[in-house]
């Protein structure tokens, strides 16, 4: 992990920018679950696999409704206009392209946008949940992950070595060190933290990077 | 049409008996739509393709609800416990084997239980509606039709000459002249109007009939 | 500032409320248009009337019925010559003179689909599924030419997802977020079509000022693109 | 006599109201048992507790989670050694010690299915469809060995209908006709499983004396075989 990477607020800001004007969004567990705090001023309906369209902030203690939880099993509220749909409709929403975007954590992303985020190599058993449905179904798949593993090995790789979630599904990778578009022309760096060079970034990345023609920090 | 066939009340009584203890039933348009009057003492929830489970008698003039209609586009009421389900669920009910029985009108039924009830030969265009779904989906398919066409030609035939609705789907044929089980052993006559002989019945029928071992009028 | 922020949020998540004429603007020639309703109930009369008044042509219309002589029903589209093809389950009605006229003039191609298959093909589209096997129509003229497979001992045919470019939906009540309620059986075809088209145009009898009960919504606003109040200017 | 006739009708259409122990009687060894709930919500605790207390064995359990350490969750079945196989989407939980124990003892086979595919396979069963093509899992380890087909330019895999012999469903409120309401997200898996099994056993928090609002029912009584009130003796 680079010492000069973005802290969470700046990182989250880049994810928010990558969301564009997305209004219906599913946030994966882990890092993406931290986003609502940074998206409070945005008009977004957060979808949860269990059928809630429009999860709101955690209720005050004592106001919890047991049947209103998110994918991390935390209590949530319903935002105004939020609803609960039948479970099979919830997955029609996911798989049918009705979500503007999803933000997912990941173990690895490949140069071609293949995603690995549900299991580790050699695992006897893992949970997949809705990960594969989200990866194939959301109109835009944004990955939010650290740029490297703790040991410094790259999480952006030429070819996945972790079990695949979906092929070629990732549109944007927002790490703590870069905003990278996954395009037919390859991985295009659009933004890096101040002071970081493309050479430094490439050194932490397991697949070739190209600089955006428009330069970095384009929205 | 035999002069000595059952009148509607007696005929409907045979259909009712064929329903056994069916509780969830779809009635087709035409002749079967006349049945509720004769089934008033029975505990049956009538299903309609449009999503109503539990149609009740026509409301009094002025009490009609425009969105409560049956397959004949007549106004209906909701019986106690009746509900409206989403349309796709209504067809899950039909196709998924959740109806105990359906009673359908027919142009022809074959010796093997093939049903023809949606189109006539050479028609440029026809309506099929839910006929094919009901024929393949209901647990028990009961056909209620006149024993012959107006010209005396048989409606029960060796092989269909009318376009098929579904193959081998019919369980019982209740005509104005006979109650006939469709079985692997062939067409088994279970009941005929008083005074009718099996020879007379066979003469009006285009496929071989067998007499029930238990004799006629078995329930 | 919390209050202001709340207002901004509401505004951006709110669905555009437009006239029927505005709602149907920009529907391209040749579009696949899904038209809700069943047996004359739940039919989007205002939107159909507005669509018939445009100059769009060569539409592929997916509709259970092809007109029953009711004012503002899909017969308008056949009368106005807007339809190249109808994908339909129960097209014939004694009072459906406009459709019969279009048929007689050889203006319209008909694809007849069993009702359950018709709704399921649109559900598959809305649910992101490529297709499904169903026993309905297997071995019949309507199953001819379709891929067959015996599953669990039953002959089944393969049916593909049916996507709409546009859906015309009639609801009873909406909130500003586009959440919808239908009245009794008036959701027939509407609720499925609302999930199966790129652009979902909804007419309603009324728009509530408060959000609908979140546990009593038939179609969630996520599926809806615009709202039109029936009878509004 | 109209009144009497009305009573008879109600009685015959009413669903049996039974204890949890009675509800799970007669479930055969080797049955496919669908267990509702998601993330600890909507779990049929009373029925699971009763089922764990029987001597049934070799069950194939279909359940999103395999136990989260909650009292009366599906972990009971693993602990009691009733399960031969779990068909599941998210089996692992830090507190799911009973399932992990059964795994460690090599007592239980696991079929891991993406969540959307899992619910859709049961929906197909309930809807009388033989199977469907979905893009989910295509090209991944979970899609290995499945029939593949490219539809609309996307690689998809064929998934078959998943039927239950029995479904254990948790609802909030029922009427005597078996019509059900769930609370908020507690319908997850329950509403689909209620359509996908030969025998649908429902536990509810309460049974209303009057019929539920016919336009606000989540699962229609046609799907329901028996009712058990949670906490009743």
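Order of writing sets the chain letters: A, B, C and D. Residues in each chain are counted from 1.
Here is the rule we go by: contacts are C-beta pairs under 8 Å (C-beta built on N, C-alpha and C of every residue); 3 or more make two chains touch, one makes a residue touch a chain.
Since the structure is predicted, the reported quantities are computational estimates derived from the model, not experimental observations.
Peer 1: Which chains, if any, touch chain B and chain C both?
Peer 2: Touching chain B as well as chain C, we find D.
Peer 1: Between chain pairs A-C and A-D, which one is joined by a greater number of C-beta pairs in contact?
Peer 2: Counting C-beta pairs in contact, A-D comes out ahead.
Peer 1: How many Å are there between the centre of chain A and the centre of chain D, using C-alpha atoms for each centre?
Peer 2: Once rounded, the distance between the two centres reads 31 Å.
Peer 1: Averaging only over C-alpha atoms, locate the centres of chain A and chain B and give their separation in whole Å.
Peer 2: 55
Peer 1: What parts of chain C, by residue number, touch at least two of the other chains?
Peer 2: 120, 123, 127-129, 134-135, 154, 183-184, 214-215
Peer 1: Which chain B residues sit where two or more other chains touch them?
Peer 2: Chain B, residues with two or more chain partners: 84, 88, 91, 94-95, 136-137.
Peer 1: Linking chains that touch, what shape results: line, ring, star, complete or other?
Peer 2: Shape = other; not a path, cycle, star or full graph.
Peer 1: Could you list each pair of chains that touch, in label order?
Peer 2: A-C, A-D, B-C, B-D, C-D
Peer 1: Give every residue of chain B touching chain D within the complex, in rising order.
Peer 2: My answer: residues 23-24, 40-43, 45, 47, 53-54, 78-85, 88-89, 91-99, 136-137.
Peer 1: Could you please specify the touching residues of chain D with respect to chain A in the complex?
Peer 2: Those in contact with chain A are residues 38-42, 68, 89-92, 103, 110, 112-117, 119-120, 123, 134-142, 155, 182-192, 218.
Peer 1: Okay, in this complex, where on chain D does chain B touch?
Peer 2: Listed in rising order, the residues of chain D that touch chain B are 5-6, 8-13, 123, 125-129, 175-177, 179, 195, 211-212, 214-215, 217, 220-223.
Peer 1: Within their complex, state which residues of chain B touch chain C.
Peer 2: Spelled out, the residues of chain B in touch with chain C are 48-52, 65-69, 71, 73, 84, 86-88, 90-91, 94-95, 119, 124-133, 136-137, 163-167.
Peer 1: Please give the residue numbers of chain C that touch chain D in the complex, ascending.
Peer 2: Counting only chain C, the residues touching chain D are 120, 124, 127-135, 149, 151-152, 154, 156, 160-161, 183-184, 214-216.
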